[in-house]
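One structure, as C-alpha cells, below. Some questions next.
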Amino acid sequence: MSNILSLMTFLPIAGVLLLLFIPKDSKGVLRTVAFLTTVATFVVSIPVLTGFQTIADFQFVENVPWIAAGPFAMRYNIGIDGITIWLVILTTFIMPIAVLSTWTAVEDKVKEYMICLLLLETGMLGAFLALDLFLFYIFWEVMLIPMYFIIGIWGGKNRVYAAVKFFIYTMVGSLLMLVALIYLYLLGTKAGITDFSLVHFFSLNVDPATQTWLFLAFALAFAIKVPMFPLHTWLPDAHTEAPTAGSVILAAILLKMGTYGYVRFAMPLFPEATAQFTPLIAVLSVIGVIYAAFVAMVQEDVKKLVAYSSVAHLGYVMLGLFSLNEQGVTGGMLQMINHGISTGALFLIVGFIYERRHTRLISDFGGLAKQMPIFTVIFMIVTLSSIAVPGTNGFVGEFLILIGAYESSLRWYTIIAASGVILAAVYMLWMFQRVMFGELENPKNQKLEDLNAREIAIMVPLIVLIFVIGVYPNPFIEKMTPSIKKVIAQAKVQQTTAQAVSEAQPVAAPAEAPQAATQPAAH
Amino acid sequence: MDNLSNYLILSAVLFSIGTIGVLVRRNIIVMFMCIELMLNAVNLTFVALSRHLGNLDGQVFVFFIMTVAAAEAAVGLAMFIAFFNNRESIDADDASLMKW
Amino acid sequence: MFDNVWLIPLFPLIGFLINGLLGKKIKNETVIGGIASLAVFGSFIVSCKTFLGLISLPADKRVVDVKIFSWITAGNFNADIAFLIDPLSCLMILIVTGIGFLIHIYSIGYMHGEDGFYRFFAYLNLFIFSMLLLVLGNNLLLMFVGWEGVGLCSYLLIGYYFKKKSAGDAGKKAFVMNRVGDFGFLLGIFGLFWYLGQNHNVWTVQFTELSNSAHLLPTGGIVTFITLCFFLGATGKSAQIPLYTWLPDAMEGPTPVSALIHAATMVTAGVYMIGRMSYIFVRAPETMVVVAVVGACTALFAATIGTAQNDIKRVLAYSTVSQLGYMVLAMGVGAFTAGVFHLMTHAFFKACLFLGSGAVIHSMHGALHHVHSHDDAQDMRNMGGLKKYMPLTFLTFLIATIAIAGIPGFSGFFSKDEILWQAFANPLHGGLNTFLWAMGAVAAGLTAFYMFRLVFMTFFGETRIKAGAEKYLHESPMVIVIPLIVLAALSIVGGYVGIPKLIGDVFGGIPNYLEHYLHPVFANANAYMAAHAHTAHHSHALEWGLMGTSVVIALIGISIAAFLYLVNPTLPAKFTATFPGLHRAVYNKWYIDELYDFVIVNPCKTLGRFLWRGFDVVVIDGLVNGVAHVVMAFGGVVRYLQTGQVYSYAWTMAFGVVVIIGYYLFK
Amino acid sequence: MDISTIFFTIVSVVAVVSALLVVTCKNPINSALSLILTFFCLATFYAMLEAPFMAAIQVIVYAGAIMVLIVFTIMLLNIRADANKKSFHNVPLGIVVGIITLLTAGSFLARGKVSDLPGQITPNIIHQVGHTELIGAVMFTEFILPFEITSILLLAAIVGAVILAKRNLS
C-alpha cells in the first residue's frame, strides 16, 4: 500500500465523521467508536513499522501537489524515517490508552471530547509525517486547537486560565516560526527552490547571520513546546488542569513535537546557528534539569510534580540532542519515547487516584499501598522507570544522553546535569513514599478500590514496554541509527572547524566552560 | 455609449441616496430599506453593463443578489421582531449591547 | 564450559517472577519460601560448577567472557549483556549464592506469618539476581545495572514494613544516598569511556578491554578524577564517610535483609568494584590516599559510635560500617587480596551475627508479645542472660564475635591482621602508613569492646526482660538454627584459605590459597605497583610484633567490656554521668544526620520552595501574566472605540470605504 | 431627443424622487411605499435594457415579496411616526458622506473605461431565443454551483428566521 501513511493519518478523521452521526447521549457507543478508531489507527501503523527499512531515507513517501497560490507552491508531502518511526508508533500506541483512560472520568460532552481526541491524533501524526514545511505548520496548528478545547472544557477548576496560557504561549512561538518559514521560503526561491519541501531546504546554504535569526525563530517555537526553562510555566498549569487523557497526550506526544522540531528542522536546517547556540541551549537544558527537580521536590500536587519532572526529563533530551554525536542523539530520541511511556503512565496513575478521590494533593493520601496492592506495584515500576533505574527504559535513554553529552563539548554541563539523577530519586521517591507508604489514616482512603480490569489493561502495555526497552533497546535504536547519522551529518556539516579546535585540546576543556557560560549573556 | 452612462450615473445617485439614508435614519427598518435601495442601485449597474457587454453573467449576478436580499430580509426582519419584543423599540440607537 | 553461566542469575529472576506475580495466589509459605530458596540453591550449584570449571583452567586462562546478547549499541558505545568469569567474580557468586541460600532458609522461619511473605521472598530473589549481575557483569554498565538493582532491592526491603514511617524514610534515605554514589559511578564511566576513546580510540566499558588498555592511562590527573568518581560510588554503596548514614537506618528492614544485604553482600559491592578496577585505581596515587584515609576513618569513627548504641541491630550496623572501612582501607593500601579476604570472612561472621541477633529478636519479640509488653525487642537493656534460653544461638553468636574481634585461630583474625599489616607495610603512602595502622588497630580494639559488650549485655548477666516473659523465651526452630551453625562453622574455618605467609611458614609452608587464586585478577595492579613504588622490607619480627599488638589490643577491648558489663555493671552508668556530653554525642551518632539535614536537606527544600513560589510563580509567570495584563490594559482603553451603536459602525465603514476608494482613484 | 431618452428621464426622475422620499419620510410606511415605487422604476429600466426576466423578477421578488414582508413587519410592530422622537441623526454629516460617495462614484465613471467589446448576447438573440431561456441556460450550466449554494443559503435563512422569530415570541 503506497498511501498507508495517509490512511493512518486520516483514519481518525473518518472516526470523527462516524462520531458525528451518533447521538450524543449514547456515550458507550461514542466511546467504543472512538476507541476502535484509535485501535484501527494503531493496527494500520504496524505495517509501517514492519515494512520500515533501516535506511536513512524517507520511506512510504507521498508527494502530490496541494495548493499552488501564486508564488507559493505547497505540496502534500509526507514520509517517515528513523527519526519519526517510533514517534509515530508511540502516538498511535498512546491514543487508544488515552481514550480508555477517561472512559468513565469524562461524562460530560462525550461526543465533542472524543472528536477532539481524534482530531488531535490526526494533527500529531500529520505533524510528525509532514515533509513539507507548510504542511507541517498546518498540522502543528491543528494539534493546538483540540488540545485547547480539551483543557479548556474538560479541565479542572482553573482550566480556562491554563488553556489560554497554553494556547497563547504556543501561538507566540508558532507565529514566529511561520514568519521564519516564509522568510526561508523566499530565500529558497532565490536559490531556485520552488516549493516548501523540507528535503530541498536541507541543501540550501543560508548565510550564518540569517541562520541566527531563523534558528531563533524556530528554536523559540520548539523551546516553548519542549518546554525549556524559562518557557515552561504553561506546562504545570496545563497538565494540572487537563483531564487525564489530555495530560497523557500532552506529556507523551505534544512535548515531543518540540524536541522533534529541533532534530528535524532547527538543527539540520541551520547548522551554523546550531553550533552557535549549543552552549545557550545546553545551559538552559541543565538549568531546566536542576531547576525543575528542585521545584518538583516541594510540590504539593502530584500532577504538578510530574509536570515538573517532565521539564527535567526534556532537559536531558535537549542536552542529548545538542551533544550532536550518535550516543547523545540516539539517547535523546530514545528518551523521547521513554518519557512518553513513563510520564504518560505517571499521568494515568495520577488520573486513577484522582478519579477515586477527586484530589491530587499529596497530603490527602498516604498508606495506599495497603489498600491498593496492584496499583502500588504499577506505580512503583513507573516511578522507577521515571527515575531511570537500570533495567527500565529510562536508564538506557538517560545513560546514552549523558555519555553522549560527556563526549561532546558539553562535558561540564553533563556533570551538573547528571546530578539530576540524584534529585530525581529524591522527589519521586519522596512523593511515592508520602502517597503510598505509612499508615492509612485518612478515612476516605480506606474505601479506595484497587485498579479494575480496564485500568490494568491500560497499564500493562506500558509496563511491558518499560521493561522491553530497558532490557533490549537495540531493536529500537537500530531503526533510528541511519537517520540519526544523517541528521548529525547535516547539523554538523559546517562545524568541522569548530570541532577540530575542541578536539585538539581535549584536556583544555575546563577552559571552555567559562566561555560557554558567558556566551548566553551575550545574546 | 451615452445611454450606459446615464444608467450608471443614475445608479450612483441612487446608491448615494441609500448611503445617506443608512447613515441618517434611526429607524432600523428604514435603514434596512435604504440598504435594499443600495443593493438595487448596484443591480442596475449590473444589468446595464450586462446589456452593454452582451453578456448574461451580470444578470445572473443580479439574480443571486436578489436571492441574498431575500434571505437577508427574512433573517433581518425576524431579528427586528425579536429586537422589538425585547426592547419595545425599533430605534438603532437603542441597540447598544455591544458597547465596550 | 561456561555455557550455562546465564543460569546463575536466571534462577533467582525466575524465582522473583513466580513469587512476585503469583505469590499472592500461592499463599502457602512453604511453597513460596521453597521456590525462592530453590532458585538460589540452583544458582549456587551452577556457581559451584563454574568455580570448579574455572580452577581446572590454567591460572593465566582464568578470565572468560560469556556474551548473552548485545544490549545497547549507539555509535562507538557498546554494552553487552555478558558475564565475566574470573576468580574474583567466581568467589563473589559463591558467597552471594551460598550465604544467600542460607539466609533464604533462615527467612522461611523468621518471616513466618508475616504479612506479604511472598513479597519478601520476591524481593530477596530480585536482590540475588541484581547482586549476581553486579558481580558477573563483564562491563561497567552491566555492573551499574546490578549496582542500582541492589540499591533498589535494598530500598524495597528496608521499606518492607511500609506502614512504619521510619521504614519508608530509611528506605528512601538509603536509595538517595546510594544515588549520590551512583552519580559518581556514572561520571566515572563517562570519564573513563571518553578519555580512552578520545585519546586512544579505545571506546569500551568492558573490563577485560579496560584492563588491557590500562597502560594507556596516565598516572594521576584525569585518572584521579575518574577514580574519585568511582570511589564516590563505592562510598555510597559500601557506606563509607561521608555517605554511611543510611546503613544504620537500614536496620528498619527485616533482620535477614540486614544480614544478607547490609552485611554480607550488597554493601561489599563498593569494595568489589574497587577490586575489579584495581588496575585503574593504582594509577591514581592521590585517590589511593583518599581511599585509604576514608577507609581508616570510617573504621574508627563507626566503631566509636558502635560503643554507645543500645539497639542490638544498630551496634551490628555500625560494626558493619566499621568493617567495611577495613576493607576499603585494604583497597586503599593496595592490599586487594586482603580486602577481598576480609570481605569473605566478614560475610560469614557478620551474617552469622545478624542472623543470631535476628533469632534473639524473634524470641524476645514473641516473649514480649505474650505478656503484652511494648518494650523494645531490639533493645539490649531489655535482654541479658539469654544464653540459658538460647544456647545454640549463643554459641554461634559467640564464635562469630570472637571471629570479628580478631582472636587468633578464627577467620576474622587472618583477614583483619593482613589488612593491618598491609596498612603498615604498604609501599604507597609512606609516612601516612603508621597513622593508618594506628587507626585500624584502635578500631580493632573498639570492635572487640563493643562486640563483647553486646554479647555480655545480651547473653550474660541477669535476665532484664519484663518479669513473666522469660518463660516464653525459647530456642529458635531448626530452620533458623541450621544456617547459624553453618555460618558459625564458616566463621572459624573460612580464614584458613588465606593464612598469611608468615604464619603459614611456621606450620610447614601452608600456602595462601586465596592469594594464589586471586592473583590473576590483581596481577595488573600489582605489576604497576611493583614498578612504581618501592617496597620497603620489614623484618619478620616487626610483623610478629604488630600482630601481637593487635591481638593484645583486642584482648584489652574484651577485658574492658568484661569489666564494665560483667564484673561491674554499674560503672557504665557512672561513666555516662561523668561525661554526659560525650555520651550524648556518641549515642546520637555524633549528630551527623542532623548535620546533613541542616546543611543539605533543608537548604534544598528551601531552595525548591523559593524557586517555585519565588521564581516560577512570581518572576516567570509574573512576566507572562504581566504581558497579558499590558495587552488587556491596552484593550481596555481601545474598547471605548466600540460604541455599540449601529450607525457609528456604519459611519466608520463608510468613511473607510471612501478613503480606500479615494486612495486608489487619486493615487 | 428620442422617445426612449425622454421616457428614461421621466422614469429616472421618479426613481430619484421616490428614493429621496424613502430617506426623508418620517413614517416608515411611507418610506416603504416610496421604495416600492423605486423598485417599479428599476423594473422599468430592466425592461428597457432588454432584460424582461429581470424586470419580472424585480417586481415579483422585490416589490412583491420583500417589500410585502417589510410592510407586514411595520404593520405587525405597529410602528408609526413618533413626534416626540427624533427620526434622524447626524444629517449634515450624512449628507456630506453621501456627496463624497457620489463624487467618488462619479470620478470612477469619469476615469473608468468600459470596454466596447460586443458580446454574443445581442438583442436579436434575446428576441429569438427568449430572455428567460438564456438566463436559465447560463444559470444551470456555468453557474450551477453558486446556484446550489444559494439554495442552501435560502434554506439556512428560512431556518434562521423561524428560529429567531419563534424563540423570542414564546
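To keep things simple, chains are lettered A, B, C and D as they appear, and every chain counts its residues starting from 1.
Here is the rule we use: contacts are C-beta pairs under 8 Å (C-beta built on N, C-alpha and C of every residue); 3 or more make two chains touch, one makes a residue touch a chain.
Since the structure is predicted, the reported quantities are computational estimates derived from the model, not experimental observations.
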Contact-graph separation of chain A and chain D, given in steps at minimum: 2
Most remote chain, CA-based centroid, reference being chain B: C
Identity of the most central chain, Cα criterion: A
Chain A and chain B: spacing of chain centres that average the CA atoms, whole Å: 55
Chain centre separation in whole Å, for chain C relative to chain A (CA means): 37
Approximate Å spacing (C-alpha centroids) for the pair chain C, chain D: 96
Rounded Å distance, chain B centre to chain C centre (Cα mean): 90
Interface hub residues of chain B, defined as touching at least two other chains: 19, 23, 26, 93
Chain C: positions in contact with at least two other chains: 647, 651, 654
Where chain A touches two or more other chains at once, by residue number: none
Complete list of chain pairs which touch one another: A-C, B-C, B-D, C-D
Touching residues (chain side chain C, partner chain A) in the complex: 24, 69-77, 141, 144-145, 147-149, 152, 155, 159, 162-165, 167-169, 171-172, 175-176, 179-180, 182-183, 186-187, 189-191, 193-194, 197-199, 222, 604-605, 607-609, 611-612, 615-616, 620-621, 624, 628
In the complex, chain B residues that touch chain C: 19, 22-23, 26, 28, 31, 92-93, 95-100
Interfacial residue positions of chain D with respect to chain C in the complex: 89-90, 93, 97, 100-101, 104, 107-108, 111
Complex interface listing, chain C residues touching chain D: 647, 651, 654-655, 657-658, 661-662, 665
In the complex, chain B residues that touch chain D: 3-10, 12-21, 23-27, 29-30, 32-34, 36-37, 40, 43-44, 47-57, 59-60, 62-64, 66-75, 77-82, 84-86, 90-91, 93
